[in-house]
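Same chain, two partners: chain A is paired with chain B first, then with chain C.
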Partner chain A sequence: MQDMSQMSTTEQFFYYMQENGLYVFSQFLDHFLISIYGVLLAALIGIPLGILISKYSKLSGVVITLANIIQTIPALALMAILMLVLGLGKTTVIVTVFFYSLLPIIKNTYVGIKNINKSITDAGRGMGMTKAQVLYMVELPLSLSVIITGIRIALVVAIGITAIGAFIGAGGLGDIIIRGTNATDGTAIIIAGALPTALMAILSDVLLGLIERKLDPVKRQQKRINQVI
Partner chain B sequence: MLKIENLTKVYRGGKVAVDQLNLDINQGEFIAFIGTSGSGKTTALRMINRMVEPTSGKMTLNDKDITKMNPVTLRRSIGYVIQQIGLMPHMTIRDNITLVPHLLKWSKEKKDETARRLIELVNLPPSYLDYYPAQLSGGQQQRIGVLRALAANQDIILMDEPFGALDPITRDTLQDLIKDIQQRLNKTVIFVTHDMDEAIKLADRIAIMHEGKLIQFDTPDNILANPANDFVKEFIGSHRLIQQKPNIKTVDEVMIKPISITIEKSLDEAIRLMVEKRVDTLFVTDGDNRLQGYLDVESFTGARKTKKSVSECYEKDIFYVKTGSKLQDSVRRILKRNLKNIPVVDEEHRLVGLVTRANIVDIVYDTIWGEEEETVQNKKELMSE
Partner chain C sequence: MRNRLLLTMILVLTLIISGCSLSSNKKDDSIKIASVVTTEGQILAYMMKYMIEHYTDEEVELINNLGSSTVLHQAMVNGDANMSSVRYTGTDLTGALQGEPIKDPERALDFVQKEFAEQFNQTFFDSYGFENTYAFMVTKETAEKYNLKTVSDLASVASNLQAGVDTSWMNREGDGYKAFVETYGFDFARTYPMQIGLVYDAVDTGELDVVLGYTTDGRIASYDLVVLEDDLNFFPPYDASPFADTELLKEKPEVKKAVERLVGKIYTETMQKLNYQADNNLMEPAVVAEEFLIEHNYFEGGDE
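Take a look at the complex of A and B:
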């Protein structure tokens, strides 16, 4: 056993990672999955809801206001309220993430579809597309990159919320951070929890950004134009 | 072919957009709906493919009641071109052209073949099929928009101010193109416009609309000769009425004999001919006197050292009119495109004459002095009575 107090914070950090690498990795995975489940669930509900309110604009005000209100509740407070109903554990955190992801996903789907040039959908209808065909041949392909942006924002926020989820016993990297705050001289442990969290957020942001650019019909074309020239 | 009876559209709030419209349109006709904005012409057009549901009235297309058809099936059988073009930005030109065939579930080979055949119809290279709409200019995009309306062999094509957003020269080219396609493929076209020149140039019959009502439905010549009321008169514009008055002349009456040279002659011969005849432009023809292009002084400069024969340096891009076309139209074309002159060809594309800028002078003279002489004569007659 080495004398920890003789080591610098960096050395302590590497020592911790060496000893507990597998544990950090499993918490990393837990953390990631909790965030992903919440966001996927929100996408499953939010995208159809966004499409719906883009068609029936009377609903859009109500739905977006509701999602906005949820967004104003502090994460910890929302989690505490949900805990009263759902108890401790991962489920509560996933549901919290779900609620927080709804707004960006609904809003981006709505905006993505609303911003499509009216003449394009009009032409599609005029060519004899059914409503469903207009949706999946025109509206969805053209708004896909905007929808992905919504998911990207939601996922980054979700990773932050999941870190707080450790308070109600959901596990994840937040667990390591809390342990660090409780320990004397726990800086290295805090870093061991915080650094992977930040890394996860940045990586998922970059990755989804790449996907988003790939799916943007306009940007994709510019690339092709460059090739032609 | 298309019969419209008592077609009426009342919007919510009681605004009557189209009021008791009656039209009978034959196969192969080019019809223009014209009117000021808010006259209901676009609404009338959009009711034909039921983009707007009519409030009352009856429409039959080849004896089938349009209002009882499934709107989706109906729209797939009617071509539709809109002013905003509305190409799908995420699809290639090929997919855009064959959008309706795709909806009708044609085989891939048939779609590809159609796309290749059609793109040549509008003078674009087949390589454009793999491009995206954003890579094309506005005029090229609208050519694709027109093709999209032809791809599934639709007999009837609706056009809603298709060239409204294009510059005058592109518009002129596309007008020629669409008229040519319409005649060649014998399509029925219904065309909405607010440009009287466009309507006169293209349409077989013009329907003038005002405040939802049909004011006059007749051939351009008849409308110009006998406008139904003051509104029509004002709408046509007095300058067109005057233009039309000096008996409608055709190019055949005024054209002069052009100086032409056959394609296999040498440049030296061409220059000698120019000097001899005192002209700056020679029309290049083949052995059968068919028009191939032209050769003017500018083509010589520089080219004489390297090129020896006419075939190497004549200009192939040439605008021409057919015999029997109206003088006004030809003159308008000379002015619009800033040409020095315009050759006249017969049905077999043989060079038969030439209309020059001097003819413009004649027309201006006619409209200014011819009119006055007439009124002076009228006055004299009145006085003698």
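Take a look at the complex of A and C:
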């Protein structure tokens, strides 16, 4: 057994990764899944809600204010409140993530659809499309990149919130960070938990950014024009 | 265009469906082991998990990092968890059961086993084989400077010393701070309640002079701390045992068998060594537990 105190923090970090690599990986996956499920659930509710309030503008004030209020509650407090109802563990964290993801997703869906040039939807209607057809064939494709931006923001925030979830026993990379604060010389362990968390946030941001750019209608059209030329 | 939309929709749908399956096998009959934030609690939690997974087909979920034994107890009463990785006789005697401290280890164990069965329908197993009691500890230098060997030796110098203790110990009835001052008849200059994991560092760096720590902590050896003898037998026995809902054990007797294989197999020195690996050698409790079980072949053949 090597003497840990003789090693620098960087060496300790690599030693830790070598010893516990599999464990870190399984926590990484857990962490990622918790965040993803929370955001997906929010997308499932948030996107239809966003579409709805873009059609019935009277509702938009109420819904967005409500989502705004949720966003102002500190994550730890919201988690503690939900814990009283839902108990300890992963479910509570997923629900917390869900609540925090609602605002960016609803707002972006709303803005994405509202910002579409009225003449385009009118043209669709004029061609004899039904309302549903306009929604699926015109509005959603045109606002898709903005909606993805909302999901992207939500996911990055969600990864941060999931890290706090370790306090109510949900596991994930936050577990490793908390352990680092309890260990004798935990700097390396804290880094071993924090670095993958940051990496996860950056990677998912970049990935969704790529998708978003792919789906941006303006750029898509330019590409097509270039191809024709 | 339409193809792409269809593709994303299928993708989202599969993710949602897999999500449903993930949450649905988290139904109430699954085994959930709750564990406190201490390294020891986590090592034992993973040991329990691996033992159950090794001997049965059950899915086991861990609820980690709970703040104290009180939270653990609440989690089990509320049904958030149905097993605890480790419970200590002394803690539960005065904590969850609100009883009077019992100094005799065997009588204490009998008492908690009987009371938990009657009041909560929960099973307090026989001990793992180690005890993790509170003890006051100082650095070697402090011990030499004041010639300290027992807790009573602190009496004459206590008014110059700053102490750090576990947060939950401060308010505990029976064997807590108040009772300590009454029994030993002295008090420290200041007593800081803090998270238990921090006290060893605090005394090692000299920020505090004396701390109340756990006897199985691996850092006692790594910091070369001197454990002061509890000469007035103030602290009740803290024998460590696995803990579970009786209901669960009745439904799944094979789980009970798997856990019972650990009973009487982990000694105080063993636990200190395991804690040391996790606290000092940068190994995760999960890894420590797995290696220990593999080394002992999952205590196979220990059936009576």
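Everything that follows uses one rule, which is that the second predicted complex is superposed on the first by the 222 of 229 C-alpha atoms of A that agree within 3 Å, B and C clash if a C-alpha of one lies under 4 Å from a C-alpha of the other, contacts with A are read in each partner's own complex, and residues count from 1 in each chain.
In this text, a contact is a pair of C-beta atoms (placed from the backbone, for glycine too) under 8 Å apart; a residue touches a chain by one contact, two chains touch by 3 or more.
Computed from a prediction, not measured in an experiment: that's the story for all the values here.
Between chain B (first) and chain C (second), which, if any, makes contact with A:141: first, second, both or neither?
A:141: touches chain B and chain C.
Looking at A:183 after the superposition, I want to know if it touches chain B, chain C, both of them or none. Which is it: first, second, both, neither?
Once the two structures are laid over each other on A, A:183 reaches chain C alone.
With both complexes superposed on chain A, which partner does A:91 reach: first (chain B), second (chain C), both or neither?
So A:91 only meets chain C here.
With both complexes superposed on chain A, which partner does A:76 reach: first (chain B), second (chain C), both or neither?
Neither partner.
Between chain B and chain C, which makes contact with more of the residues in chain A?
Chain A has more residues touched by C than by the other partner.
Quick check on the superposed pair: does A:117 touch chain B, chain C, both, or neither? Answer first, second, both or neither.
first
After superposition on the shared chain, which partner residues are touched by A:19: those of chain B (first), chain C (second), both, or neither?
second
Of the partners chain B and chain C, which touch A:169 in the superposed model: first, second, both, neither?
second
Just checking: does A:36 make contact with chain B only, chain C only, both, or neither of them? Give me first, second, both or neither.
It touches chain C, and chain B stays clear.
Kindly list the residues of chain A that each of chain B and chain C touches, one partner per complex.
Overlap of chain B and chain C footprints on chain A: residues 141.
Quick one: in the complex, what on chain C touches chain A?
1, 5, 12, 15-16, 19, 22-23, 26, 32, 34-35, 37-39, 42, 61-66, 75, 78-81, 195, 197-198, 200-201, 219, 222-223, 278-287
So in the complex, which bits of chain B are touching chain A?
These residues of chain B touch chain A: 49, 51, 72-77, 80, 82, 84-90, 99-100, 103, 131-132, 134-135, 148.
Over in the complex, which chain A residues touch chain B? Could you list them?
Those in contact with chain B are residues 117, 119-120, 122-130, 133, 137-138, 141-142, 217-218, 221, 224-225, 228.
Where on chain A does chain C make contact in their complex?
1, 4, 12, 15-16, 19-20, 23-24, 33, 36-37, 40-41, 43-44, 87-91, 136, 140-141, 166-171, 175-176, 178-179, 181-185, 188-189
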